[in-house]
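There are structures below to look over.
Next, two complexes with chain A in common: one pairs it with chain B, the other with chain C.
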Partner chain A sequence: MTERLHEALDRVTRVRGVRGVLLVGLDDGLVVADAVMEGVRANAVAALAASLVQRLARATATSGIGQPGFLHLEAERGALLTLAVRERLMLVTVAEPGVNVGLVRLELLRAGAEVR
Partner chain B sequence: MADDIRSLTANLAHDPDSLAFLQLGEALRSAGRLDAAVRVVQTGLERHRGNADAHDLHARILVDAGNIAAAADAWGRALALAPRHVGALKGLAFLAFQEGDIDTALDRLETALSEDPSDPSVVQALQAVREEGARLEAEIRLRAGADIFAGFEGADHGLLLLNERGLVLGGALRDPADDDVAEEVAGYVAGAAREATRAARLLELGDWRSLVVEAADGHLHVSLPTPDTVLLVKRERAVPPGRVGLLARRAATAARVWVEAQR
Partner chain C sequence: MSRTRVVEPWLAGPLEHFVSESGARLTLILTPAGQVLAQHGFTRAVDVMSAAALASGIAASTGELARLLEGGAFRALSHESQRHGVFLSRFASPRGPLLALVVYGYESSIGLVQLFFEELVTDLAAAAPAAPPRAPVLAADFERELNESLATLFR
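Coming up: the complex of A and B.
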């Protein structure tokens, strides 16, 4: 992984409320790179996010709107956000509730540009 | 045709007890001479009361003459004599279809097909009735959806309520080609909702509230109006995600009201 990608991931983690960001293989749900806080189970986050995106991809394709780009799962005690960055790779973020989703999305897009 | 009728009339006159009345009745019917056809068949039935083909022919002549009730009785008599008589089954299926009773029409035609799988008229009729049944079902579903989401923008193509097992409860979902994709997408979305619940639980995020997906050509917004239902909102890419969220919240309220009313 390039230094610029590391820096981009770090920038995502600097958004208030972000607990970690990972680069994940969509097909296998394995972590390629990560910058996460202590207590964040990177492997579980990666596997669950990949599985969720795979399931939603069938719904979006059948609906005729193409493949998922950005995903936001909002829950009671936090959020899971993913962004497809390249064929079969995605960025995944775990965040606190009330995180600025727009800002996270922007930083994920910037980080994604380093992966391309 | 006239020569055939003359020849068949002569045959019947020569042997009044024969089944020649069936051919003559059919020829007269084809020629549009319905009164004569009825007389011939009724006379034949006096001698052959137990002939199911004769009752079938009688019924077809009656239908041509517009006497539907009498035709139904005649086909009923044919079936009483021969319960798997293909002509009578087709005839009664036709009458059921005319009355909008698709299930009975399908039942009759499927029995007819099992009796004679090579009859192309049964195959064609079965296909036509199935298509009509599917069309009516879609119409009913559309009306049900309109009831739940009455007045909502996109209620006829981008709002869907399903149960936790992926069965459509109401609403409608169409792809850009205007094909109905509600049932298929409902199955996938129910699976995704279960996966979201699993992910939220394992990552200790608590209950999830919404799942928003931005795709190349549109957005999906998934939420749980009640613990056992899933709401899907689909909108084109040009609609801002925040507006989709507002619409989803209003639709979820309407869905909760509807679900409560069903209980």
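Coming up: the complex of A and C.
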């Protein structure tokens, strides 16, 4: 699975504007696998994104709409996209502004299928 | 009211920042011999003494195990139960090697604790004053210093 997973992560990074993609444990915020450009702090992104999604999960559960699936967060100098894959794992993508979100989501779904 | 108590003032800022960012419930900073320099979250001196003794003992035994395995020293140890996680790490500081014991709950994670622990080590290195000249350690001095530290931590 490891080789197929890395190939799938590499495919996500081939989308123009993607600076890195990580498979992260939702509970521990640790990196399971990653493909990131230089300058992306994988450990920091993983820990903070997992914390963010866990807090969002509490909000969505309280609102009665279940667990978050896909998250697209636009920031001043880029975007963070996360996708829940298999129980307690998620894919996290760091991208530049203007990235094709639909394409990234498609590649994340494909990568997620390799994890399941 | 702050739940952080320190024996030396330079420890306060970095420790408070670490606790606030990582969401740690309990934190101890101590020497490898078990002398507590700072704590956050403990309410009873006896708990600090027990945690410090256990942390020091665990660090010593895992260090010895690492020596037997000839793999160099272990850097950090983490353990998770259903309700709490425990992170124990040895780190270098301008005041010599120190240990940190961190207990965290569901509101944090080992990833967050590790992330902000790296910052804590950097912040402590920047905040530490020059080391005082080392005097020989006497048993009587150690006990007196231990009692003074506990008095400071729980006054």
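Rule of thumb we're sticking to: the second predicted complex is superposed on the first by the 115 of 116 C-alpha atoms of A that agree within 3 Å, B and C clash if a C-alpha of one lies under 4 Å from a C-alpha of the other, contacts with A are read in each partner's own complex, and residues count from 1 in each chain.
Here is the rule we go by: contacts are C-beta pairs under 8 Å (C-beta built on N, C-alpha and C of every residue); 3 or more make two chains touch, one makes a residue touch a chain.
Small disclaimer: the values here were computed from a predicted structure and weren't measured.
In the superposition on chain A, A:73 contacts chain B only, with no contact to chain C. Comparing chain C and chain B on the residues of chain A they touch gives the larger count to B. Shared-chain residue A:10: touches no atom of chain B or chain C.
In the superposed model, A:27 makes contact with chain C only, not with chain B.
In the overlay built on the shared chain, the residue A:46 is in contact with chain C alone; chain B does not reach it. Across the superposed pair, chain B and chain C both touch chain A at residues 44, 48, 51.
Note for the complex: chain A touches chain C at residues 24-25, 27-30, 43-44, 46-48, 50-51, 54.
Residues 80, 108-112, 114-115 of chain C touch chain A in their complex. Chain B makes touch with chain A in their complex at residues 173, 175-177, 181, 184-185, 188-189, 191-192, 195-196, 198-200, 202-220, 232, 234, 236-237.
Those residues of chain A that touch chain B in the shared complex are 41, 44-45, 48-49, 51-52, 55-56, 58-60, 62-80, 94.
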